[in-house]
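For reference, the structures are reproduced in the following blocks.
In the two assemblies presented below, chain A is common to both, partnered first by chain B and then by chain C.
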Partner chain A sequence: MKSQSKTWNDPILVAAVAPLAIVMLVFFLIPLAMTILLTFQTTQYYRLQWTWDLKIWTEIFSKPHYWTIMLRTVGMALVCVVISILIAFPTAYALTTRLKTYSAQIQILIIFAFLTDAVLKTFGWILVLDRQGVANWLLSYLGLGPEAMDILFTPTGTMIGMVYNLAVYPMFTIYLSLARIDRDLVLASYDAGASRIRTFFEVTLPLSRPGLYSGAVLVFVLSLGAFLEPKVLGGGTSPLASELIRQSFETRVNWPLGAALTIVLIAIGALTLALAAAFVFRRTPAARRELA
Partner chain B sequence: MATPIIDASHIIKDYGRVRALHGVSLEVGAGEFVALVGPSGCGKTTLLKILAGFEETSEGRLEIEGKDMRGVPAASRPTRMVFQKLALFPHKTVAQNIGFPLKLQRVGKAEIDRRVVSMLELMHLNLDYLDRFPAQLSGGEQQRVALARALISQPGVLLLDEPMSALDAKLKKSLQTELKKLHRELGTSFVLVTHDLEEAMMLADRICVMRAGRVVQIGTPTDIYYRPANMFVAGFIGETNFLPVDVSGALDGGLAVGSPLVAGEPAVMEAGNVSEFLGEGNKALLIRPESIGFLKGEPGPGHWMLTGVVDEYFLKGSTTQYRIRVAGLEAPVVMDLPGSFELPAEVGQEVRIGFEPARAFLLSE
Partner chain C sequence: MKKGTVEMNKLLNGLDRRSVLKGMGGMGLAAAGASFLGLPGNASAAESLNYMCWEGYNAPSILDPFQADKDVTIAIDLITDSAGGFAKLAAGASRDFDLVSSDSPWIQRMGPAGFCRFIDDADFAEQYADFYPQFAAPFEPLQFEGKATGLPTRWGWVGPTVNTKFDTLEAWSSYAPVFDSAYKDKICLLDWGDWPIMPLALYAGVNPYEELDEAALGEVRKVLRAAFKNTRAIVGDLAIAQKGLLDGSFRALIGGGTYCTSSLRLKGHDYIQSIVPEPKDGLKQGIIWMEATGLIDNGKNSAVAAEFLKYIVSPEVAKQLAITEATCNLVPNAKAEALFSEEEKKALQMDYMWTAWENSQFHTVAPNIDDMLAIWQEELAAR
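After this line comes the complex of A and B, so read on.
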């Protein structure tokens, strides 16, 4: 706490932080301010008019259509977070325990898949999810699905693509958290009389929280901006916020509207994260204390 | 020993092709304090892990409280461990850490609170610490919390894996004192792993010296210090002088021992196994530094005398250590004298030093 009060008087520290602060200011805060400024302008004949008008905001608050898409986006993002964590946690846990010997090799394979271009991978899913695709062929081959499932061009298809592209992030953040847990803590729990399952819930899971939370935030923020998956796998039938914003800027050439929708999306995202953070910190006094 | 609380016989532990323990046997009596001592890699920690149930034995039989421990997981054993790095749960408060074993036994909340508080009092910990996290405590305080967590469920055996190795000397001393008192008050069996034979001697009722996966000697601290089984044990604690000697023959059930380096009559020394010392091979007398002193005048009857030159001296406060170079001996002779106002000899001075062979111990290699 003492060191914090001194921070501003330490020229070296200020100099060390300055480059990042300037980058953040120029490339983040200023564009954000410009976006907010843009929402108070109007367009006429596809041209920006410099005014000071609340027209766009009245439009946004009067049309439920925008809000449906916004809420759908947040809903999809939340579902994506849950599914990604449910897939990522067991994977990361296996990599630190049962598969520890091969964890480096498996991680390299995952990174390879991760680094492959997202457009390519997403189009690849069409081959799997198509009516005559691999998934339906496999299901009927196994005798599980007499009727072909329609997944492609539905929100389910979008979700599969989003989870596939994003589950890697929590997998690595959780892996790093799990790998940092001192093996002695697990042994200490066994020694105190805890079963394996009890030890998982008393020791392993609480100590993997940092990775769990940061992974969840990453997935959430990235799914809010999901663009490719709803377009390619969702078929544009139920567009998400990014598609709406793109249309406002490009198709309708209504920049103030696009800017306002962007601000709404950022605000909803920030609010959701703030609520989640409040919930998490209220439940864990340890985390709150560390921040204090 | 009536019925030992721990009865390990011929424990063998293999890690792949490497054999960590070559048939170790150890008994620990109820309420006894046993220290496992040895250099790193001697298998003492492996043995402790086997007792705790973190490792399975490859061969051999382990009984704790009369029950065979084969296949019994750590959670179901009557042992509790204090880890080298303590392994306090960083996300749990002091109270939650200490009460954890009771919580697992489904003890009531009020009862847990009561016993946690009494544990804190036993460990001389401030009651304000209950809601703190381990990281907010000092090293010594964390140590006590770890001890409290291990002792709260009143285990039959407490296992300690070098828990004091990370502490500074002064804190270590005070915790060692407390540990000894605690052992006396609780009557729980303690098994302490340490590489510090001095610590083992201070604390333990019996010491088990290990080397390369084998037990070299088990005995009381006095046995280990004054009657070591071999030169390894003798050299393991503090500083020791070895004086090469000749054994000229058996005499009245003892051995006639002499040395060309000393002035004095050959001494008759007892030896457990006389024949061991009559064959070829080097024999040496073990003389502890405090058993030698400067000689003023001629050596008395039954004393042996050496002459040498003072190489160096160290003032240690309560004692003064002299190192005397003696012709014919590789290492200087180390002597610990009681501290005094005046130095008995200066560096370079020629001196005569003497000792009683009766206070030395005959060893063969």
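After this line comes the complex of A and C, so read on.
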């Protein structure tokens, strides 16, 4: 306690923290508070009425379809995290080991793909996944018959788009973690008689956890807000929370409902992350020891 | 070496990286400061107008001559959702805008809501004189207690949009194929607010423009559920819908009508047609949509804004408004018809427009629209 009060009396530290604190307050906490306040208002004839009311929250808790969409969103986000990590880890691992010579060139290619507008990339998938698209042409060429694949306007189509747009995040975070691993530790493991597989699971994987976890969190949070992919590739078969929120704000002009759904999504996302963090913490002996 | 090149070299030699960056930074700050202070880009213009509108109204070929003629700058705020545009104005943005072009039910509401000026039809007698008789003053869809809000600017109809290479128009004399198992996964619904809901409600025997009770709303739910079951995709993007229609992935688009047809027809795809089904159970099955332009009541009551309203409905401008890069639509100005080429008339299905008009309801804000949109959301979630 003593050291805390000392810290807060340190004008240099306060001055250093103040800009960030002000930015967070103005651009995050105040808008969040306003969004929460908005949930207690109502609309009449498409105009906001400042009447303190629990009507919106009653509606949200009494209509199961809101929760169906919210849970589907979290489920899709979790699946997207798993698939993205499964793609990103081997890629990042190859970049730091087998493909080290071409690492820079491959990274440039990945960055180009990453920086290409998501709208373009997502619409591009239509040309690939369409019944008359590239993928079906290829399958037909391989003798699998016409229109062998029909995944455009399905949840699978949505997932492909999400993974394609988001897998690059864990690719880079994992790459950074892997690149920082001391090669001597790996060699020491081999010297101690460990096989390649055992070395991977007992040395490489544990040391790459920071990149793995930060990549997973990035994909999860961004997946929760996925809007373009379900809209363009989902064809209404897998409406996610962002579309529900858009409809509430724009089409229904029900801003309190949109605000409440936003808060629900943030809460569910934060809760999921907290549970995941607790799970990871329990499974990490080093972290437990540090706390003890 | 040419004189100009020598001088350029001297200039460049005198510039190091730091001074260039400083200069650029200064320019950036000046630009940011100017925009922060709300200074208009064209400071030389005598007046500036803020215009909220749909695509097409912002075409330089429409705005530039007016800006030059009236010495005015027009700043555009494009809307993608009429209800959203209304809500934005209702939330206080009406103080910042001078003009609005949106769907007519929303323009009609803006007068009584207090953020659009009522206009005196007599002041626009000259413009009304050029309109088709169907749009003559007093034009009921824009009237409230005998007072008009705005003038009609574009229109069309909502009915099945069919690729006649794959299907006959006769098959779409009703919305029955939407629910027919033979059409399973061949239908596309446009996710455009209430547009796809209204025709399906009409097919279910419910007039969505009247006050609905629980039983009627139950029918709307049933018809939407049945349509969703048979539908391949519900898309909001015009390009995706049009692509699917052209390649035959979609046999018909529901809820878009002429708005997603005419531009394709103008590009030579004249086998794409939007029609209006036959009346069913005494209910006309088509829907006439219309856009209108209104004058926002922001306290300034700009005379130039009123001039723009006359300008936007004039025959030459109406013709340009009809044929835009993204969409092609009909206009209420009869004199504009003479300005269209035969190809453009064909693209706009002008030979069919009054048949569609006769067999359609006029699109207004339905009393139970929020209930129907909520049902749409619920059924979509359960899909």
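Simple rule for what comes next: the second predicted complex is superposed on the first by the 277 of 292 C-alpha atoms of A that agree within 3 Å, B and C clash if a C-alpha of one lies under 4 Å from a C-alpha of the other, contacts with A are read in each partner's own complex, and residues count from 1 in each chain.
As a working rule, a contact is a pair of C-beta atoms (placed from the backbone, for glycine too) under 8 Å apart; a residue touches a chain by one contact, two chains touch by 3 or more.
This structure is a prediction, so every number in the text was calculated from the model and none was measured.
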Joint occupancy of chain A by chain B and chain C, clash or fit: fit
First, second, both or neither for A:117, with chain B first and chain C second: neither
Chain B versus chain C as contact partner of A:132, first or second or both or neither: second
First, second, both or neither for A:206, with chain B first and chain C second: first
Which superposed partner A:193 touches (first chain B, second chain C, both, neither): first
First (chain B), second (chain C), both or neither touched by A:185: first
After superposition on chain A, the shortest CA separation from chain B to chain C (Å): 42
Complex contact set, residues of chain B against chain A: 52-54, 73-76, 79-81, 83-85, 87-92, 100-101, 104-105, 133, 149, 153
Complex contact set, residues of chain A against chain B: 182, 184-185, 187-195, 198, 202-203, 206-207, 209, 284, 286, 289
Chain C - residues contacting chain A, complex: 80-81, 83-84, 86-87, 90-91, 109, 113, 189, 191, 193-194, 228, 231-237, 239-240, 243, 247, 249, 370, 373-374, 377-378, 380-383
Complex contact set, residues of chain A against chain C: 45-48, 63, 65-66, 68-69, 123, 126, 130-132, 153, 231-232, 235-237, 239, 244, 247, 249-255
